[in-house]
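Next up, some structures in C-alpha cells.
Okay, so subunit A shows up in both of these, paired with subunit B first and subunit C after.
Entry: the complex of A and B
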C-alpha cells in the first residue's frame, strides 16, 4: 500500500495515487472528490481530480474506487451513492419528504422506490419513521433536490441489502467521519484491517454481545447509526445503550485500539451485560 | 424553520422504554447532572460554562446610569439572553423563540426577583446615579437544560465580577479605573440556582438535567429554584402532565442537594481563580522592570 496522502480542499490528486484505469471499468469517485476537467490530449493523466474537502486519500483497486476519508465533521453534504439514514417528514402523492440532516431542505424518496413496491403494496411510512436509503442524485445548482432510493432501479432489489424502512431500535448521532470509518470497517476484508485505522469497537462489541443475541446495525453517512438488539431479550435496552455509548465515546475521544477494547469492557460492565 | 427538528419515532420510543427501566442514553443515573465545567476568562465576570454538550459564555458588565424614578435607592440589574444561530441551527438570529422567552423568564425569577444581587448596594447617589449591572448570556452549543446551565453561569459570573470603585466627591461621582483602585465585588445575598426535572410515564419516572432528546420526549417539566439553605425562591410547572404534590416536596430536597453540590464546585473554581489572580498581581507589583515591546527587528536582541 502506498503512503497515506492527505489532501486539502482544491488540491489535485496525483495521478500515481490513482488505481490503474481499465477501459471497460471506469473509476468511481467517492465523496470529497470532484472531476474538474478531462483533458483530451494528455495520455497519461486521464482525469484531473481535485479534493473538495480535507481528508485522507484512499483507493480500492479491487472495486476501482477512489475516495477521500474526511475527518470528524458534523456537517454532511449528500453525495451520490452514499448510504444514509433519513427520517420521514411528511408524505405527498408521489414522494416521501425526508430529513437527511435537521434544518436543511428535504430529500425526496419515491413512494415506489422500495423493493417489490407497487401502487398497492408500497410501504405506508408515517412522520418520524426511519428509512435506510441510498442517495440517487444530488442535483446541481441552487434549489436542487436530493433524491433517495431504497432499491436498485436496474434489478428491482434492495441493493446493497438492508435498504428500506428501519423498525424499532435506536438512532445515535456520530460525526460523519466516524460514520465513514464504520462503513469502511464493515466492508473491509480481514487483511485490510490496518487500513481502517484500528477501528475495532464494532468487532469487539460483536464478540462480547454474541452471547446475549447479537445486534443489528445500519450506518448512515449522514452521521447516524441505527442499532437494534431485539434478539437480546431482557437486556436489549442495556445492550443498545452500551453500543451507542461505545460508538459515541470512540468518536469523541478518538480512541486507539487498546482504548476501544478497554472502553467496551468498561461500558458493558457498567451496563451489567455479558 | 425555527423549530427544533422532531425526534424520530424510534428515538422517542427507545428513550421512553429505556427510562421505563431507569436507563438513560448516556448511562447516567436519573438524578445525576452531566459533567459540569466552569472556567473564568481574563476579565472579571467572564464565565465559560459547559454542561455536557451544552455550552455558554456569560459576561457581566457594569456602567453608571440614573436610577429609576420610582426606586431612587436601587441600582439596575438585567439579564440578557439571546439565542443566536451560533447555538443551534434551529434558532434564527434576531427572532425570539419560545425557549428564549421561557429561559429569560426563569433566570429573571430565580436570580433577579430573589434579590440574589443586592441592588440597593449599587446605588451611588440617591436618585442621581447608580450602577447598572448587566449579565449577557451567549449560548454556544445547545444540548438541553439551558435553564440550569444559564443559571449557574450567571450566578458564577456575579460572584466573580468586580466593579470599578466609585466615590462621591463634592457631589460628583468619581469612578476609579481597575488599575487605580482595587475593584469591588458585588454584594451577593444568596446563591439560588434552578434545577429542572423532566417527567415521563405519567410522572412515575423523573430525571434531572435532560439532554435535548430527552427534553423532546418528555411529558412535563418542573423547575425548582432553590438556594443552599433550602429556601425555594421559584417553582414552576408551566405545562405537561400533572404531577403529585408530594413529589414536589421530595424533589425540592434533591434539588437542594444538587444546588449545594454545584455551588460548592463553583466556589472551588472561583477561589482557585482569585488566588491565581492575587499571586499574579503581587508578582507584577514586585517586578521592577517595565513591560516593553520587543520587536523581532530590534538589533539589540
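Entry: the complex of A and C
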C-alpha cells in the first residue's frame, strides 16, 4: 500500500494510487471525486479523476472502489441505500414522518413499507419510536422529500436483515465518520479477526459481555447507534450505558486499538459488570 | 482582546518587539519571560541561524535547547533552520529568504555574528463550531485579525431567492463585525466574497441546485475597520476563513485559492500584509487571490498607481500565494524570491492537520 494521500479540491488522483484494473470490473467512484475529460492535447489518458472535497484518498482493491474520506464530524446528508436510524415524529394516512437529522425536513416512511405489512396488519408506531430503515430516494432540488423503507420492494423481505422497528434499547449519538467506520468494519470479511478499520472496541465488548448475555447493535449512517442488552437481566442498563460510552469515547478521542482495549476494561470495571 | 499574549499586530510592532532581542539571553526571555512569545501548536515559528562560527548540528540543537525550546535543526544553504515541534514539518524544508518584510524579522547580535529569523505565518483550525455544518477559525499575526467562519450547506432557501439562477446553488455571505452592526463596508465586501466564492463552488453538483450555501464570517479580534476605512485589509483573511469553512463543510469546490494584500508606499516599496493602521499611509492597496491552478480570481485595488506598479504587485502576490507552481500545463513559472512557505501550503497544512487528527487509525496503520 502506498503512503496516505490528502487531496484538496481540484487536485488530480495520481494514477499509481488507483487500484489495478482487472477482471473487467469497472472502477467505482465514492463521494468527493469526479471524472473529468482532459483536453486532447495532452499525451496522457483522456480522463482524470479530480477531487471536489478535501480529504484522505482511500482505495479498496477487492471491490475496486476509490473514495475520498472527508472530515468525520459533518452533517449527515441522506444518500440512497444508506442504512439509518430514524425516529417517528408523527404519522399520517399513508406515511410515518420520521426525523433523520435535527433541524431538517422530515423523511417519509410508508405505512406499508415493512416486511409482511398489509392494510390490515401493519406496525402501529407511535411518536418517539425508532426504526432501522434504508434510504429509498432523496429527490432533487429544493423541498425534495427523503423517502425511507424497511423492506426490499423487489422481494418483500426486510433486506438487509434487521430493518424495521427497533424495540427497547437505547440510541447514542456518534459522529457520522464513526458511524461509517463501524459499518465498514462490520461488513468486512469475518476472517480478518484483528482490528478492522482500527476498531477493536466492539469485539472486546463482545468477549467481555458474552457472560452476561451479549448485546445487539444497529448503526445508522446518520450518526446514531442503537444498543440493546435485553438478555443481560439485572445488568442490562449498565451494559447498555457502558457500550454507548465506549463507542462515544472511542469516537471523541480517536483512540488507538490498545487504548480501546483499556477503555473497555476500565468502563466495565466502573460499571461493575463483566 | 481575549488573551494576555502579546499581539503581533502590525509590521512595526513585530520589529519593535524583536528590536530588544539582541542576545541569546533575551531570546530566552522572549520565550520564557512574562511576555512569552506564544509557541502554539501549528504556529509556524522557526529559528534560523547563520552557520557563522562553524557550528554543527549538535551544537545548534544544544544552543536552541538551552533557550528552553526542544527542536530539531537542519542545514539550509546559508543557515540552520530550527524546527519547533508542534509546527508542521513540511514547511521546514522551504528555504527562507532574507529579504522578506513581513514573515521574518532579522536582527543581528552584537557579540556573535549570528542572525536570527522568526517567522510567523497565519494559523487556522477546522471545525471549531459544533452545530454548523462546517466552520473554521483563522488568525493572521501579521495584521492581527482573528476570524470565525461558519458554513451551512445545502440549506433550503425561500423560493424567491433561488429564482435568479435555479440551476445553481445560491451563495450567501454575511460579515459580522465584532463590535458594531454591519454597514455599507460589510455589504461591499460581502459582494466581493460572494462573486469569488461562487466561482469556486460547484453549485451544479448533486443536491445543490435551488439550495443555498450560507457563509457567516464573524470578526472576533483585531483592529476594527472603522466606517470609511478600507475593507481591503480584511479581505484576504475573510477569503481564507471562508475557504477553510467550505472545506470543512465538504461543499464541492472546483479548486482552492489563496489571497494576499499588498500595499505600495508613496516611495514605491511593496509591503505585504499591512495592518489597517499602516494601510492608511499607503499610496495604493491591492488585494489579489489566486486559485490553486494559477488563475487570478480577485483583483481589488484602491488608490493611485501605474500599471507597472500593479504588474510588480501581481508578481509579488503570486510568489507569496504559491511559489511552488502546480500548474500542469506550465502556465505558471517558478516564481523565485518568494519568502517563506507559500500561502497555498498553509491551506494544505491546515487540511492535513485535521485529516491526521480525524484518521490516525487509518494513517498510522500504513
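One rule holds in what follows: the second predicted complex is superposed on the first by the 195 of 274 C-alpha atoms of A that agree within 3 Å, B and C clash if a C-alpha of one lies under 4 Å from a C-alpha of the other, contacts with A are read in each partner's own complex, and residues count from 1 in each chain.
Simple rule for what comes next: a residue touches a chain if its C-beta (ideal position, glycine included) is under 8 Å from a C-beta of that chain, and two chains touch if they have at least 3 such contacts.
Predicted model, so just to flag it, every value in this text is computed and none were measured.
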First (subunit B), second (subunit C), both or neither touched by A:4: second
Contacts of A:19 with subunit B and subunit C, given as first, second, both or neither: neither
Partner chain(s) touched by A:52 [first = subunit B, second = subunit C, both, neither]: second
Touched partner set for A:214, first subunit B, second subunit C, both or neither: neither
Partner chain(s) touched by A:245 [first = subunit B, second = subunit C, both, neither]: first
First, second, both or neither for A:73, with subunit B first and subunit C second: second
First, second, both or neither for A:165, with subunit B first and subunit C second: neither
Partner with the higher number of touched subunit A residues, subunit C or subunit B: C
Touching partner for A:128 - first (subunit B), second (subunit C), both, neither: first
Of subunit C, residues touching subunit A in the complex: 126-127, 133-134, 154, 156-157, 159, 162, 200, 202, 205, 207, 209-211, 247-256, 291-293, 328, 347-348, 351-352, 354-355, 357-366
Subunit A residues within the subunit B interface of the complex: 87, 99, 102-103, 126-130, 166-171, 226, 237-238, 240-241, 244-245, 267, 270-271
Residues of subunit A touching subunit C in the complex: 1-4, 6, 8-12, 32, 42, 52-56, 58, 69-75, 77, 105, 138, 140-143, 177, 197-199, 254, 256-257
In the complex, subunit B residues that touch subunit A: 1, 5-14, 17-18, 21, 23-27, 89-90
